[in-house]
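Heads up, the next two complexes both have chain A, just with different partners, chain B and then chain C.
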Partner chain A sequence: MTDPRLHFKTPLRQTPFHSRVAEANVLNKWAAWGGYTTALELSDGEMEYSAIRNSASLYDLCPMVKYRISGADAGAYLNRLTIRNAAILAVGSVHYTAWCDDEGKLLDDGTLFRWADTEYMLCCQERHLPWLLDTAAGFDVAVAEITEEIAALSLQGPCSASVLNAAGFDVKALKPFRMARFAFDGGELTVSRTGFTGDLGYELWIAPDHAVSLWDKLMEAGAPWGIRPIGTHALDTARIEAGFIVANADFIPAHQALREDRVRSPFEMALDWMIDWDKGHFNGRRALVAERNGSTSKWALVGLDIDSNVSTEGSIIYHDKKREVGHITAATWSPATKRNIAIAQLLRPYHDQKSDNLWVEVYALRELQYAKLMLRAKVTPRPFFNPARRRATPPGNY
Partner chain B sequence: MNYDAIIIGAGHNGLVTACYLARAGLKVVVVEKNDWVGGAAVSRSLHPGFTYSNCSYVSSLFRPEIMRDLELPKYGLQVLPYEGGAVMTRDGGYLAIFRDHEANRREFSRHSPRDAEAYDPYSRDVFRHCRFIRPLLMRTPPDPARFRPRDLAELAWLGKKTFDLSESQIYEMIRFWTMSISDFLDEYFENPVVKAYLAVSAIIGTALGPMSPGSAYVLLHHYMGDVDGNVGAWGYARGGMGSITAALSASLTDSGGEIRVGKGVEKVLVQNGQAVGVALDDGEEIRAKRVISNMDVKRTFLKHVDEAELPASFVKQVRNFKIRGSSGKLNIALDAAPKFTALPEGSPMYKGDLHFTDSIERMERAYDDWKAGHFSRDPFQDVMIPTMIDPTMAPPGKHFMSCFVQYAPPKIEGQDWTDADRDAFGQTCINQIDDYAPGFKDLVLHAEIRTPRELEAEVGLTEGNIFQGELTFDQLLFNRPVPGYAQYRSPIKDLWICGSSTHPGGGVMGAPGRNAAAEILRDIRVPTDMSDAYAVL
Partner chain C sequence: MPSFDAIVIGGGTNGLACATRLAQAGQRVLVIEGRDKLGGSTAETDPWPGYRSPCLSHLLTHLDPRVETQMKLADHGLSFVDRNIPSTALALDGNHLVLTGAAGDTISGLISDADRTAWQGLRKRLMGFAGALAPFRAMTPPRLAKESGNQYLKLAQLGLGLRRLGRDEFREFLRLALINIADVLEDDLADDRLRGLVAFDTVLGAWMGPRSPNSLFLYLNRLSGEISGKRGATALPRSGMGSVATAMIQSAKTAGVELKSGAMVERIIVENDRATGVALASGEEISATTVISAINPKTTFLDLVGPRHIDTGFANRTRNIRSRGGAAKLHLALKGTPDFRGANLRSRLVIAPSIRSVEDAFNAVKYGEVPTRPVMEIILPSAFEAGHAPDGHHVLSAIVQFAPHEPKDGKESARNAMLENTLSVLEDHAPGIRALIEHSDFLMPYDIEDRYGMAGGNWHHGELAVEQMLFLRPFPAVAQYSTPIAGLWLAGAGNHPGGGVSGAPGWNAAERILSRGRS
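Right after this comes the complex of A and B.
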């Protein structure tokens, strides 16, 4: 064991899969994510994206922050913490959820796993331990940060089920948002049918000691399907096509926002469909009731389909080419839909009644000079890409 | 010789005022009682080969707009950011602070996993307060008792800024400006060492303990500066803090201003209720259209102005202005780098601020000694070794160590400090360092020990208060230094004040000097190309 005081010599940690990712990362494109060294692109970003939509892709998910919530009141506690009803989540199931501060402003979104009757795992982008502990007052519950105790891999793509089956993990009957457990390498592997790509896919959870053998097993079993390790760039294209949002990319968590006008409510991030108004009190409920009853939401999150094929990342949106009415938080040319898509924040009511005359101002860099464009944008439903294979059980036999 | 302005005192604010006036075309002279310039931003060589930052020792608050307007980099000013530091604990451990976000979180998590994740919300809240106050620094406070259009406009601006905040933010702001740092930190953190480290900025330079109401604001005062846009960061002036005043002096001289050192002012000359010049203590008189005092408000009006010329209520307010000294300073020439037992070899902590006070209680006990009229037996020290970064202040391999010490009262049990008291104070501090770095004493080649007595005698700071008056809410904004006189003017026509006794207060910030110059030039309708404060986006 190295001296824990010497952590400053390696400010970024390596994930349990680092040796394998490093081997695959022939481009040497690294970035810091949540305190870890992570790969942006390994050998070819477009091929990596293609693996997500065509065969099978492997992505190191370890930096996602994980909290274990256990105790007799775990369900009641999570009902207090999150906007969705966690108590009715079946054991062995997962749901997407979100949580707010007392003003009803979004702190984060994430996935909630119910391991057992009295044990859950919350998986998210940002860190929230003080808030989770403060919310625990009065509940018989223990909250622990366990990010380093679990290694996580995302196996996504139309052939991902075939790869798992070939590796000896029979997931044919596993439905979306359900989990299964398998013995592996002297330990236990948990497979959940979840993911961030909007495609058929699974996430794999295992103790760090078994991480490398799991990677090797999947790469070996997946070879006939062309399994490919991928970096964050490829995943980001897929997640925009799937219409998913990311904390600190599409919204600023309320506990981090310096500027008070940057915070957003679930209504403003199109997450209000998850709110369970009947489950009793939860953090932010009073403010959210007022927002709902008063229709006071200021912003709306929308999907946009934009003329041309020029990426509109970070652009400002205008009504009638004049009035500033919003901005784009994520954008990409979508290979799967052959559309120029974006996730955007629009002032209400420019997201619906007044959405007919929206324009995006783009500065496209071409050989050191910007071409200034004003592109027509249309509000369009999310997800942009939503194939039937994502939900089919048993999954298609590719 | 007739001048447009005489500035009394070549401290950083006096020089800033002088520079702006000279650049606007005024004929100015700065008179300084010492044989050197700098006031409390001074670098002197008291041991061969070594340069000290004798008083102030780090820079963050000095406004970049001023550096740029007065071309200080051209005249040699360089501010070097430094890395985080550490508080060493009595059990042989330490807590470090790192500039890298993740390194910092992992360090905190060694002490408390909860506190590691509480640092972000804490920073957010402190920086929200910074965002509110930073735009106020380079504006003349409104006078709420007068109804001139400009006061009303400024009040309206302040009101709008306040009401742009959400309701809960307004509550938070009022609480923050009045609460103790101990209570504030308790709202975020659980670990005593974490709290001890973060409380430091709230007590430095103030005669409050960490449990005293009002101390939280003092923390903000130390966080609202920046180094090259990095808000809250601190740095070293290369060559010592005297480099700031040296650059200001060079800038002033280049603009045609004059500086006369070794010229103490005996009296401000007043005729028919109007300042007309100064009488120096060598008998010489200098005449000018206006006199601007860089001295603190007490020293200015109670020692160098005939009280008969002043309204009685003003004199009373000035007498009651709180300017209690609370700190001392050791400047030490070291034969080699000290080795702190707790710190890993080669760790970056040596390049930052080092503390030994590992709990807020211990800090408060040190304050208790001050209340009892004694220097702290177990003092709080902010120890820095600038030569870990700056190669110009000591010979290679040797080091200059700056120790800022709290608490040290203006008087020892009601009596003036004696040389024996001063030496005992110095020994107490050196012994404390030696406890954490055995063998430290043997490295000491020379030590300059400064108590409030020395600070008052040399720099002229009344009671040795480094901020020219305490930064408590009752003495801030339009109440600084006293109600009705927050706009750099005095009851005597053409007698102005430009030091840290005025808004926005102490620290090597330059904003009081800049704001005073703006008021003077506005009064005489002379145009200036002075920059407004950079916008806070």
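Right after this comes the complex of A and C.
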């Protein structure tokens, strides 16, 4: 074992797939994510995005934070922690969920996997162990961070089912948000039909010592479909098209916010549809009841369709070109829909009744000179891109 | 299922005060007490044949005037041997210092004229500050949040009262409010006995030493109390502390309160996010429109309500209420009259020879250790009146500080060591007293926790310290007696102006419940 005092020599960890990602990363574009070295773009960003939408893509998901929650009260515990009803989640199923502090402000969102009657896995962007442990007091439940115990890969794209089948994993009957298990390499592979691209896709969970052989297997089996490792930039384009939000990009977790007006409730991030008001008490419920009954939500999360093709990332939104009414948290030119799209936070009621006269102020850098643009923005439904193949079971034979 | 307008959990002084106030307003009220005897820490026991002994508290300093008059405690049998029993600062050489009158109005004994004058000045000043703060005791602490139901008129009066001290005194108040008592005593006084006595009185029942930051505020809190309109009182109820409990029980009964003792509440029933009643350990369930907990706030939320009905942050805040007990309780049955080197036994005997002695005794408990020379306050109820012990015998009650609430060498061994050190100090001051001991009973903070449900064995159901007083008691979200759970209220000593035996938090809570009901 290395001397723990030498930790500063390796400020970022390498994921179990690092050797393979490094090999593919000819552009050498790396970034830190959750304490790991991860790739932003490997060889060609456009082609990587194209793999997500047209063939199959492989993305190293290891830095996602994972917690195992087990024990007789696991369901009751998660019902107290999260806003959705975890107790009715079927074994072998997954759901998207979120959790709040006492004031009903978002701490994070994530996916919850029910492995067994009394065992779940919570997968999210940020770390929450103290909060999860504090919440466990009084429950017969054990909470452990298992981020390093599980290597995760995301296989996304219309051909992803075909690639899995070719690799020997029959996922034809696997429905969205369901899990299946397969023997692999002397270990066990869990495949869930989940993803962050809004396309047909799967996430694969395996012990780290089988990680590299899984990667190799999929790359080999996927070759006829043009499978391609991808970086975070390509995934980000796809997730915006799918209308997904990311903690610390589209909202600040309440425990990290320094400015008291930065925190957001589920209503304000369009996550209120998940709240189960009838399951009993959960963290933040009283504050959320007050927000619902008093209609006191200040913000709304919307999708925007913006004139021109200039990316509007981080721009301020005006009503009638005068009054500041919001800002854009994620934006991209959408290759799939050929639209200039964005995810934005708008002060109410500029998200609906007063949404007819919205403008985005963009400073576009054109050969070392910024051009100030006022671009027309229209509120538009999310997801921006929502193909039927995402939900089809059995999946299309592409 | 029987049903009431209000159920009060806990039949201590605050529970009884709250219940009586509600019943006087026409509500049907039930008080449920887990122990066999009502009265909480003021109840008495008959531990040994022929002897009566106070359970925990043995003197009264803070009886709320509203409780005293509106519960007609005098009519229900409460009277006092003395509303201002003298305090004797015991000296090993017999050169005691005796303070008589409210908060040591006059000093007798050998002491320099300079100290005599300085004490008068200091006492007057501190009494002035305490008097300005006293009205705050009878109101719900304010909050900054919108629609908090603040009593702005009363707050304005309070502010005016402080301003009325005059510019110079107000400036002194601001200088002293958060200072430690040791610095002030060392600035103003030279006499070790006097310094030791005041230092001891300041930290009595607290988990801090005289040099701990903000300790002076506790002395102001002590002086802000009153008995029958007399500020700075140290009163001994006639026929013992138990008569406070008895009078309050009688008053509650007269007001129509139903009393149920020997019934442990196991759970507060919460339905649709509203407290609707209680479930007893016996399995019985009783419903009520309002449930009021006059027991420890930690126990209330973490055990009776349970984490499933409260938010994680709120549970953390509750768990973090600081509640370390530093006081042990000694009861002795003596088969003769002890001699504290000539000290008047009809006084409060304090062994705290210097600031240093109090601070040293506190230092030990910081590390979970037993102090070698504990400091203490001694009362011999049997010296004041007959009926506490057989003729010629005495019963001695002492609050001994500081005792570790989490001893590092184990509870049994700490109890034995603490008792031995206590008796050894006693023997030094009253030679021969050990030979007189017929029976003894010694409660460490953890014994007090077990017996009286005080978290950490802290007498005040949460440490008295500036950061846990007033609108911070026990913490801001529940400082106004209401809780996040509709229909559930707090009324115990864990809330403002709690600590001690006063009935004030209970009375304040009842007033708040009634006014909120009207609004």
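In the analysis below, the second predicted complex is superposed on the first by the 398 of 398 C-alpha atoms of A that agree within 3 Å, B and C clash if a C-alpha of one lies under 4 Å from a C-alpha of the other, contacts with A are read in each partner's own complex, and residues count from 1 in each chain.
The rule is short, and it goes like this: a contact is a pair of C-beta atoms (placed from the backbone, for glycine too) under 8 Å apart; a residue touches a chain by one contact, two chains touch by 3 or more.
Not measured: the values here are computed from a predicted model.
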When the two structures are superposed on chain A, do chain B and chain C clash or fit side by side? fit
A:L12 in the overlay: touching chain B, chain C, both, or neither? Say first, second, both or neither. first
Is A:A211 touching the first partner chain B, the second partner chain C, both, or neither of them? neither
Output check: A:L189 vs chain B and chain C. Expected answer is one of first, second, both, neither. What do you get? neither
Can A:G284 be said to touch chain B (first), chain C (second), both, or neither? second
For the three-chain arrangement built by superposition, which of chain B and chain C touches the greater number of chain A residues? B
Overlaying both structures gives a minimum C-alpha distance between chain B and chain C, in Å, of 5
Common ground on chain A, meaning residues reached by chain C in one complex and by chain B in the other: 131
List of chain B residues in touch with chain A within their complex: 94, 96, 98, 100, 102-103, 105-107, 110, 113-114, 116-118, 120-121, 124, 127-128, 131, 165-166, 168-169, 188, 344, 347-348
Contact set on chain A toward chain C in their complex: 76, 80-81, 101-102, 131, 134-135, 137-139, 280-281, 283-286, 289
Show me the residue ranges of chain C that touch chain A in the complex, using the header's touch definition. 270, 273, 302, 306-316, 319, 484
Chain A residues touching chain B - in the complex, by the definition given at the top: 3-8, 11-13, 32, 35, 103, 127-131, 133, 145, 255-260
